[in-house]
Each structure stands twice: as structure tokens, then as C-alpha cells.
Amino acid sequence: MHDERDPQDPAPQAGTAVRWRRDLHRRPEVGFTEFRTASRVAGALADLGWEIRTGTDALSPGDRLGVPSDEELTAAYRRAAASGADERFLPAMKGGNTAVVATWRAQAPGPAVGLRADLDALPIAESGDPGHRPAREGFRSLHEGVMHACGHDGHVGMAVELAERLVADPPPTGSVTLLLQPAEEGGRGARAMVPAGVADDLDLLIAPHLGLNLPTGTLAPSLDGLLANSKLRAVFHGVASHASLAPHEGRSALLGAAAATLAVHGMPRFPGHETRVAVGRISGGTSSNIVPDRAEMLLETRADEGAVNEELEARVRAALHGAAATYGLTVDVDLIGGVTTARADRAAVELVEAAARAEGLRLVTARAEDGVASDDATAFMRRVQQRGGVASYIGIGSALAAPHHTPSFDLDEAALPLGVALLEGLVRRALAARRH
Amino acid sequence: MHDERDPQDPAPQAGTAVRWRRDLHRRPEVGFTEFRTASRVAGALADLGWEIRTGTDALSPGDRLGVPSDEELTAAYRRAAASGADERFLPAMKGGNTAVVATWRAQAPGPAVGLRADLDALPIAESGDPGHRPAREGFRSLHEGVMHACGHDGHVGMAVELAERLVADPPPTGSVTLLLQPAEEGGRGARAMVPAGVADDLDLLIAPHLGLNLPTGTLAPSLDGLLANSKLRAVFHGVASHASLAPHEGRSALLGAAAATLAVHGMPRFPGHETRVAVGRISGGTSSNIVPDRAEMLLETRADEGAVNEELEARVRAALHGAAATYGLTVDVDLIGGVTTARADRAAVELVEAAARAEGLRLVTARAEDGVASDDATAFMRRVQQRGGVASYIGIGSALAAPHHTPSFDLDEAALPLGVALLEGLVRRALAARRH
Amino acid sequence: MHDERDPQDPAPQAGTAVRWRRDLHRRPEVGFTEFRTASRVAGALADLGWEIRTGTDALSPGDRLGVPSDEELTAAYRRAAASGADERFLPAMKGGNTAVVATWRAQAPGPAVGLRADLDALPIAESGDPGHRPAREGFRSLHEGVMHACGHDGHVGMAVELAERLVADPPPTGSVTLLLQPAEEGGRGARAMVPAGVADDLDLLIAPHLGLNLPTGTLAPSLDGLLANSKLRAVFHGVASHASLAPHEGRSALLGAAAATLAVHGMPRFPGHETRVAVGRISGGTSSNIVPDRAEMLLETRADEGAVNEELEARVRAALHGAAATYGLTVDVDLIGGVTTARADRAAVELVEAAARAEGLRLVTARAEDGVASDDATAFMRRVQQRGGVASYIGIGSALAAPHHTPSFDLDEAALPLGVALLEGLVRRALAARRH
Amino acid sequence: MHDERDPQDPAPQAGTAVRWRRDLHRRPEVGFTEFRTASRVAGALADLGWEIRTGTDALSPGDRLGVPSDEELTAAYRRAAASGADERFLPAMKGGNTAVVATWRAQAPGPAVGLRADLDALPIAESGDPGHRPAREGFRSLHEGVMHACGHDGHVGMAVELAERLVADPPPTGSVTLLLQPAEEGGRGARAMVPAGVADDLDLLIAPHLGLNLPTGTLAPSLDGLLANSKLRAVFHGVASHASLAPHEGRSALLGAAAATLAVHGMPRFPGHETRVAVGRISGGTSSNIVPDRAEMLLETRADEGAVNEELEARVRAALHGAAATYGLTVDVDLIGGVTTARADRAAVELVEAAARAEGLRLVTARAEDGVASDDATAFMRRVQQRGGVASYIGIGSALAAPHHTPSFDLDEAALPLGVALLEGLVRRALAARRH
């Protein structure tokens, strides 16, 4: 049994963003289990005077995808309760409703500015190598097999420090809303917050991401090439029988999975588009002498345009059903994650560029290939754009020790204060602007 | 243009069976194009005084499978007309109705005995090697690419000589019916004669086959292991497009054919049964830069029990449709041939054994593996058995120069008079017996 | 932690065979972990005065297949030590050397008779239904997920009772050897005992099996149709990469497994032979956005003739390597189990028949389809036959509650005393015979 | 037998380009059979005083790909001889050496300018619909199944008229070389001319193409997006056997082709690149009861970068060999066509733009998607660039009745004089320039 008491604060002298980042890094929580993370952020922002919506006020539970099992949710909830979750907000999050929406309002009305930060970590075992700074400096993950390997800990840290600064020196007009979302990985959380209306009245939405192969001190005012995706789980059902005594009575679920795997990988190219198809996992059967009656596949499609991804997904679904029919099987196909694409608005990009120049950051171009293939912030962006607002997904340079989603990933923490300053400048500039 | 005049009779001194065999060997005709063969047999038997039914009196055209194209039928008809067909019977056979049923009746009523002989040749190019007797002795096939490589020429020869002998020395009671069927290869002819009622009133049916790896002078009174089969043609229909400019607009029919091929070969074993599945031919597409919109497959199933073959055929059809659906295609599946199984009746076998012993033939056991996997004589046998008669499929030994269905196949003609004697003895014995 | 103390003896009044059967039923141990079973049998037989060979004296460790991991072996060893293993014999079995060979010798030399009994259980969760007698009467498996679902517990029980009877009333000449083998399931144990020479000097070997769909009171003096088999584990190795950012850098191990699955199932039929091929399990990959670099398959071939099985295995191996090459992968293929076939000797069958008649058992015919597809007793049989002895695999009728290898399997215990009597009569008869 | 006499000149009043275009349109010849086309062009240019190289002086026979069979070459040669081929040049072209290189030299030395024109037609049956102008106006193809459906007839027509004009009004310096290549379709001809040195000393090479979805009166000074490609023929060799009597003795070539088809279509995407893979044709086997011992596939890879195409081709080859090994087959893989990519040089583009503006043509942008996926003019372009020259592939607008490579394709002939004028202006401008 591991020790549930936290070690000493690993960054006593650092700024708020870095201190939060290291605390969260030590306590990573995967999608929809961010009970400690979300409740603590809610508590800190509430203490600063921000309005807080959480639980079912901040998301629509039925619109979540890929929610963990009750057992996993319960275990994570208990662990959070035992390791510093904020009891004021924890109960409302039970069952995985771990979204937080925090709003600050100026005295006078004005533009509504939104910022997205994502709360979740990844199911990756963090490196224990002494060359890996979190290991060396004592803030390596305490949760074996789970890791902040994409920088979301930094995103939350920057959001909290920004909140402090706005409270300390309040702008005269407008409002700021922090959209703290669960389950960005897999594209499962933002889609559930949109129906709760949390992005409906924003004039501007900015979704910042740290890293992306951009050096510390640079800023990408928009990120091109994000792909829409659909993540599917297919379960083939056949008939078990003894593979030697009665092979003809069985219907092998693995044959369906095998044929589907080849068919999915054989989807055609779409000229002029980036597309992807992948079968990432197959699991079926028990021993060699039993015809397997169940096989599960995880697979995904991606495309640089939502409609193309939808077409690919439709063809993949047809292939799964066809492969099942070929071998006398049935198949259940569930969407367990999915994001769409979104384009940056020129007005938003210009505002970001102005703020970056004011902070002395060097403007650069970034592409999805630099590290983030898809992001469900696009669900918020599309909603804001539909309602007349503008949006951009921006990259905040931070030299990386290793690529995103790998065991030795580490941020350059020097990027955090730069990021906070940029976001602060951007918010103040946006609030001072005339309403778009 | 090759010379349509026949060369000299290649066997002037030989008996009727051998002379007919050599004449037919030189003029082989594939299934449903046996215009010359059938009309000449009909003419010869009519001249002997046998009653003749032919054309649609002897078969039901709509029940034929795998009928050649109109062009092929017309060309074969013309060739027959120019090379000795019997003009009295030819016109009724137009369009491929090339069955002949010949009946001889004794003065007094008595048992009805039937014998099956098959008329068709194979699409195989006959060897021209001097070591191959038909080549050396001048009766090699004049029809390039077509050959009597299964001994049907001998079957017909024996039937004609038997007819002569019965007329020469008529039994006092009963009747004999010769079922001269088209298109045994592929299992396409007998099934069309059964609905015409030609086997309905037989008390005994014998289907003799020459060869089967049995030495000359031996006789197998029944043949075990004949397999039921279903021969299918599947045509996959997709959508053509330029494989480089618009691959996503195409639907490759070849992908469906490929997936179906793997699925068909993956049909399970049925314990305790001999089964077979095979894809024998695929043809689709034109050039590498066009997504192919059509692919044709020939395939078959077999089993040692009709019901197992039906189950296999049903699964194969499901696989074809499933594979089509997998790739966004449609598929048309046609049954182009098919035979069932039949078991020999003990009473028939005993009669055969008695006749063989009387003729000094050595009784042996034969199995389908010795050379004939399936034979649609089983359609006649099942009909006779359903109506209360008995039947057997018998093997008449004839040393072979090379296996059935190969370019150097050749019968030992010494077997023909032995076969005629056996059949004559058998018929006389059966007619003398009380009605079964 | 479950209670390691055993409940009360579930069969205090029953005979030795039944009492042992129930004790072992409650403590089932899978192949090569039969530490408690094997050590207790060794102890009981030693106490009766039989010579005991065990550990590496009874098997050749390097010839075992499918040995569990060190962790599994250690855990099972500890469990056995805590639940009644015989400490005199346990240490020699460490590491999974759980074979026991026990020999009794008469005063005077004479024939050497061998009997095989198998010690291992199956990885099947036993039914807890009250209709299931072991559950109702308190001897259901205490080891969750492991069950004596093939009757080996009864085999061992009969062997112990037989040993008691021979000691109580010793025959005057000859010797009896009990071959108590581990890991019959999967065909992994006998092959390792043969090289230790334990079957080298036997004049007669009998391998009895209970059940097989034979009613209590019947006896099958030989079992036809046992299939040779080869059980393989194939591990495909590819290259992992991000499925969206760098799909071209990855090599999906699942593609190899999928293609191999279709190819293995597409192995041709062998006319005249029963053959089987099956892929029973595939496991590979983690999430949909990672190209999977590892996939594991379990598969098997079977045939009614050893040489045909070898040919099938060779083709399957070729298919695995070909499929790997097709997708730029490598594959490791390990034989993890395998048995050959063996035929019963007429002399052995006659001896069994005589003994059965003397005991009033009804002689019946059994086939492998009745419940046991393969058995590695054939390895002992072949060895005995090679050295000039004779052998048979016999079925002792015992009405079953459910088929072999299912969660509700249960023997009719009334068969056990009948089986012991048969074996005793058989042994006495064989020892009394002249040396073969 | 069709009439070899040509009908009346279909364009008596038209300019040279149109008259030639219509004559060639009526007599289309596929790759390496352009005996009539090439010999007549050579004759006409020789008559104008141009130096002619043809036959093995203009190409290296061993470097050709996809050369037709001897029978096809002979038949085409005879047809050409009987329908107006130029007897002075025909004999040197025997065997398919149908390249022509024609050079004009000014009095004084100067820049060497090259123009590519392609001679071959496509195996497409031309529309006979009255709405199709060549049908309506009497210059529809006389060669059934062959058609100028890509506009090469216009390319040759423009080249001949350009040659006339240059002779009529000779520039003072430099030289002009017309590279009249066979077998552009499939990428089979240019690669054989490069080793003959015909492009070695050119300072500028222009490869014009008519159509490409560009309206008449427009000009694209370079064409982006041409793909490199590799066209392969794979022949799988197995073992034939009777599918029912001896399936285990056969090795089905179709199983290899099927598995390879699925594998080839499953090649991964290369992020940031356009790639293509396609199996366009499979043909194998004869009837359903013979295990097919031969199957032929036509397939291709394409990519927007030569190195990526090479990687794809290598993987496809590995897949073909792996699939063969999977099923106990061998496979022969031949490259039967292939082109690389080339980029336009800025200097060449500027020259084209200047000429176009001078002729009043509207400059537009074209992409490969507009109609030409690949063109082996890139082989000449790369050679010229390697030797220090510059090159561009240009599009000359010509409104199309239907897309390239379809039965109703037709040029707007009004584009031909515009194209000739452009090329004349371009050549004069280039010859007047200082040597690059």
C-alpha cells in the first residue's frame, strides 16, 4: 500500500503556475476521474471570488464518451478524497462529472472572454530515470501507470495564476470564463460541456497548449492541421465450441476481427486530404482449443475535415458489419471518443499576435505534426463560432525533454510565467476592445 | 478454316463400342453443345428401333445450369451440322437441349431397367505427343482445346453396342432405357432431365463409369465417397474511378473478391465428413490505374453428405455477401452446377456382383478418390430411389495411360467389350428377375 | 485472503478412490503446479511401500512445454506447502517437476505392467450452482478459476486405491508402475517423462480415462480417433508509432496477426483425414492511437495421423512467417504443447476385454468425438510399442452431469470402484500371463 | 477484314496542327506500336530539313518497360505498313523502337531548346455517339478499342506546325529539339530515351500538355502535384491439383493474390504526402475444381515525392513476397512502368509567363488533380536539370468535352493554333536569350 500522505511541496519558492503544475504532476488523474484536480481548482478559484459551476451544471453526463467503469470511478474518487480533494466540490463530481467552469465578472459589462484548460492525464508509466527532472526533483507521479505526459498540468497551473492576477488587478469591463474540462485525451469531455451551454455566450475563446516542439519564448497564434477523429470500440460476437470436437458449431469472433482489421487499413486515400485509419488493439479468445466467441477491437479514423472523417467512419462501420456477416457473427460498434476540426478566426489570431508582440514573444508557425494530432477544444471553438464569436487554438513554446505522450516528457517550466503573462495581456486587450 | 471433312474411320475392324468411341473422341463437344454426338446416337438407336425422346421431351431447359452463351451454342450447332450430325434429330436440340432418352420394350411387360451414359467432353487441350495413342493412331481431337478426357466417349460407345445386342437377341419381358445425358461435367445436365420424368418409372438404374484407377478386367459394384457439390459464380460489382485522381470515389470489386477468397477457404471442418471448398478462378479489372468495378469468381463446395454441402454452400454465400458489404459492393451469386450424393442399394449391388462373376470380372472396391469426385448420375439415382427403385454407380476397370481430366488420358479399349458384356448380362439378369 | 485450512473430509465413509477424488477436486492444480497433488500421492504410495521416483528422476525438465512463469510456480508451491503437501517429496518438485513414478515389485520377476494417471486440472471456473454436486456436497474447488473438469481427480483416486489393493494381496510375479504425469492438458507432460526412461521397460501400458459419454458400467477397450496436435504460440513484433502523427513509421503487429489468422484457417483439407486448424486467441495493442508493436496468438493444428499433423504444423509456421514478412514484422513461434497419435495393440485390447468381461462390464466402442480429442498418453504408448511392448487407451464408463471441460462437469462416482476392480483384474491377469 | 484505305482528309482547310491531329486521331496506336505515327512525323520533319534520329539512335531498347508481345508488335507494324507509314523510317522502328528525335540548328550557335511531344494513344474504345465530334465529323478511331483520349494527337500536331514555322522564318541562333516519345501512358518511354543521350545538352526543356480542365485561351506555366509512380506486374506461381481429389497437393496462387491485395491496400499513410496504392487487375485460375497455379496482378504505387514512392514500392514488393510465402508460393514482380517527379525551374516558368503574356493568354494555376496524375516527361526534366538546364511542364488550356481518359474525350481544336503560337514565341524568346 503506498503512502497517501503527500510529500513536501516540491516548489515552495516558485510562482503559482509552477507550484500547481508540480502538485498536479504528482497526482495525475485520467479522464473523468479528475476528482482531486477539479475539486481543488474549483476550491482555489472560489476562494478568489470566481463563480463556480461544476458537476452536472458544467456538463451533460449522457454526452460524455468513454466513461470509466463504476469500479474505476469509485476507486479514483476514494483516492482523491484521501489525498487532498476539496470536499466542498467533490460530491457534485461523483460519477465522473469532473468539469469546472469558473467565471469572473468586471463591474461593468463588456466582452466575454473564454480560456480552455484541460485537467486529465494519460495512462502512461512515468520514467523514474534520474535524468528525468520530475523524478530527480521529487514530483514524479505517485500514481503508477498514470502521468501528465501532455502538459495539461501546466495548462491548469497557468489558469490558476491568471485567475489570481485578474483578481489582484481587475479589468473594468467584461468577463472571463475558464473552461476546465475533463477527458481531453480521446476527445471525450468538451463534447459533454457544450450541451451544458458553457460556451454559448463567449465573444472570444482561446485554447492554449504548451510544448508542440516550439522553443520557450515563442508563440504560435494558431495551430493548423488538427484532425477530426472518431474512436470506436467494436465487439464481435460469435459462437464458442470445441475447436477440435465441434469446429463446425463455432463461429470465430477472431475471424471477423481479422478480416475487419485488413479492411479498415485498406480504406482509400482522399486526394488533397490528410486521413488516418488504425486498429490499435484486438483482444479475443482464451485458449487454442476453444473457438473464440468474443473479440474486441479499438480503432480510429481521422481526417483534416470533419466531413471526410464522417465518411471514413461510415465506411469503417460498414466494413465492421460486413466482416461480421462474412463469418456469421454480429458486431456492436460504439463511438467512444471523437473530435471535430475548427479553423482559427483572423480576428482572434490578430489579437493573439498583438499580445505576443507586447510580451516579447517570437511569433512562429506550428502544425499538428509538431505534437498534437487532435484536440476537442474544437468543440468549444465551433460552438463559439456558431454563436458569432471568434476563436483560436494557440501554441505556447516550451522546450520539451521528450515528445508529448512519452514516459520522459517534461515541460520547460520557464514557459509557464511567459504563458501566464501572454494570457493576461491577451485577456486585458480583449476586454478593452469593443465587443466583436 | 479447318477441314470439316472427317478423316478415315480410325477403327474399321473394331467392335461397335470402340468404333463409336474413336469417332466421338475425334469430335468432342462440351456440355450442352453435344449436337453431333447426341443426334448421331439418337439416329443410330432409332435405326435399331428404339423409341427416342430428345430436345425438350428429354429435359427441362430452365433446369439446366451453366448453359453456354447463344454465340457458343450457335457456333457448336453449325460445326455439328457441318460434320455429320443426324439431321433428323438435330433441330430439336437447338439451344442446347442435347439430351437423348432411348427406350426398348420387350413383348411382355416386366422390370424397367435404366442405364446412364454421359455425352460431354472437357475443355482440355489433348496431348499431341506420339506416345499418346489417339495422336499416334489418328483419332486425336479435331476440336482444339476440347477433349474426351474422362471416358464418356467409351460410355456412349458401350451403350450403342449394348443396344445392338439387345435388339439382336431380345429378352422376353421388360424394358431398357438409356439415359444419354448432356453436361455431366459440372453437374449440370441430369438435374434438367429428372423434371422431364425420364427416370420416374425405372426399377433399376445403373450408372457405369470406365477407368477410376481400376485395372482392366475388374469391376467395382458400387462407388463410395462421391461428394455432393455446388458450383457457384459470384460477380462483385463496385464503382470504377481513376485510382490516382479519385481513389475515394471508387469501390474496388477486387477487394471484395480477395476478402471472399480468404473467407471461403477458411470454412470450418465438419468432423466425420469429407468437405471441400475452393476458389478456382478470379478475373477482374483492366489496368493498374483504374479502380476495378467488376470481379468474377468461380468457386465450389463439396461434401460427402448433401445436407453438409448445403450448409457449406449457405455459409459460402453468406461470406460472399459479407465480403461485398465490407467493401461497399454488391455481389450476384449464381449456382452454375451442383450434384447431390446417393448411396448404392444392396439389391442393385448384388445384381451387379452376380453379373460380374458370370462374366469372369474380378470384384474390387473403388472410392471416389480413384478419379471421380462427384457425378450427377446421383440425381437419377435419387429419383429412382424416391420412386421405389434401386440403383448403383459402378466402376468398370480400364487401365489408364494418365489420370482422368489430364491431356494424356486414354482408356484401355480392351475394357469396352468387357463392359458391354457385363451390362448385357446385368440387363438380362434384371429383366428376368421379378419386379423389385 | 482465503482460509487455507481444509474443510472437513467430504467423503469420510467412501472408498479410497472417492475420498482421494474429492480431496483433489477441492484442490485442483493446473499443469506443472500439481505440487500438493503429486507430493501427496508420492507420500501415500511410499507409505504403502512403493518405490518412488519424482522431480528430475521422473522427468526431463527441458522437454516440458508451456511451463508456467516463475511467479506462478512460486505462488502455487507456496499454496501447496500451506495446504497439506507432503514435505518429504515437495522440495524435489520445485520449479514444476511434478511427475511421480511409483513402482511395486513382486517377489519373483515377471511382466512389467504400467498404468498412466494424470494429475492436472483445468483453468475453468467451477459452477457454484446447487444443482452441481461438488457445490452442494462441499467439495467444489477452493481455487477460483481452476477445476478438475476432465476427471483426472478420479484417475488419481483409482490409482491410489489400486495400489492399496495390490499391496494387500500381492501378486506373485512381475511389477506394476504407475506413471503419474503432470500437464496432460495441452499435451505438455508425458513428452518430458519419456526421455527420463520411465516407460522404457514396460511390457504393457494401459491409459484409462473416465467418462467419454460412456454410461457407468461400460468399458471401451480402446479409443479410436485420437488426434495428434501441435499447440503454438506466435508473437509478432513490429514497430510502435503514433497512429496519427507517424503511421508510416509504425509496423502494426496486428496486421500480421490478422493476415495469419485468415491464412491458418485457410489450410487445405487432406482427403481421407480428419484435420483441424484453429486460432484460439489474439491479444495485441493498447489504444487506438498507437500502432501496436506486439501481438500474441495461440493456435493449434490437429490430425488423425502424426505425419499429417506435422505437415499442417509446417504449413502453419510458414504462414506465420509469411504473414509477418508481408507487413514488415518478425514473428517468434513456440511449440507450447503437442501430442502424437498411437494405435491400440490387439494383444492389449484382448487382455482388457477379458478383464472387463470378468468384472461384468459391458464392452462398448468409443471414439474421440465422445469427449477427448487428444491425449499425450500416446507418447508413453509409442515408447512402449517402440521397445516391443503393447498398449491401449481405454474408456471407463461414468455418466456425466455435463461434458468434459465445462463448468458443470461431474463424474458419476459409482464408476470409481468399478474402474478400480477392472484395473486390478487387468493387472493380475497381465502379471499372470507369460511375458509378451 | 477492315478497309485499310483511309477515308478522305477530315480537315482539308484546317491548319497543319489540326490536320495532323485528326489524321492521328483516326489512327491511334498504343505505346511502342506508334509505327505509323512516328514514321510519318519523322518523314514530315525530314522533309522540312530537320535532322532525324530514330530507332535505337533515339532510345535504348532494354530500358523500355511494358513492351507489347512480339505478336502485338508485328500485327501493329503490318497495320502501319498498310496504312500510310513512311517507309523511309519504318524499318528502324521494328520491335517497338518508336522514338523520334528531330533537331533544327540555326546558322549560329546558341541556346538549345527542347520540346517534348508524346505519340501514344490509350486502350479505350472511342464513343460512337453522334454528340461526340470525332464520330460526327468522321475522324473517330478506325482502330477498335484504341483512342487518343489524352490529347497526344494534338501535341504531335502542334509540334509539326511549329517545325514548319521555324523553318519558314528561321531564328538566327541556337537549336530546337523535338523529343517525340513513345509510351507516355504507363510511364514507359521517356526512361528509355534518356539513356540514349537525347536530353543531355538542352538548356531548356518544355513539356506542354493540352486540356487539364483549363479553358481555351489560358495557360498554366507549371503544373504542380504530379506524382511519381511505379507500375508493377506480379505473377504468383503455385501448384495445380484437383480441388476435390487432392486439395492438399495444390498451392493456390489466388490465395497469394488475395492476401497481397488486402496487404497492398493496407499500406500506411505518409503524413504530409499524397500517396496512392492500387491493385487494378487480378486474373488467375480456370475452373472451380482446379487449384489455380498462376495468378497475375497489375498494381501501382504513387507519391508526390520520388523517395516516398520508392519506399511504398519497396513495401509493396515485400508484401507480395510475404503473401506468396504465406501460401507456399513464389512470385515474380516486374516493374512495367514508372515515373518520377520533377519541379519546375523559376527561370523556365518566367520565360513561359512572358511568352504567354505576349500571346494574350491568361495565366492560371493548374494542379495534377485537373487531369494528369503522372507524366514521364519528368524523366527528361530531371535529366536536363542534372546537366544544368531548366525545365517546366506547362498546361495549354483547351475546353474538354469529357475528362481525359474517357470515351467521349475531345479537345477544343481552337486551342491548337494558340498553343503553336505560344510555343513559337517561347522558342524564339529562349533562343534570343543569353545562354542560361
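For reference, chains read A, B, C and D in written order, and residue numbers begin at 1 within each chain.
We adopt the following convention: a contact is a pair of C-beta atoms (placed from the backbone, for glycine too) under 8 Å apart; a residue touches a chain by one contact, two chains touch by 3 or more.
The structure displayed is predicted, hence computed values, not measured ones.
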Intersection of contact partners for subunit A and subunit D: B, C
Check: interface with higher C-beta contact count, B-D vs A-B, is B-D
Relative to subunit B, largest Cα-centroid distance belongs to chain A
Geometric centre distance via CA averages, subunit D-subunit B, whole Å: 51
Distance from subunit B to subunit A - Cα centre to Cα centre, in angstrom: 69
Shared-contact residues (touching 2 or more other chains) in subunit B: 244-245, 247, 255, 259, 262-263, 265-266, 268-269, 271, 276, 369
The residues of subunit B that touch subunit A in their complex are 244-248, 250, 255, 259-260, 262-263, 266, 268-271, 311, 315, 318-319, 321-328
In the complex, the residues of subunit A that touch subunit C are 123, 227, 229, 231-232, 242-245, 247, 252, 254-255, 257-259, 261-262, 265, 276, 278-292, 295, 298-300, 302, 368-369, 371, 373-374, 405
Contact residues on subunit D for subunit A in the complex? 262-263, 265-266, 268-269, 271-272, 274-276, 369
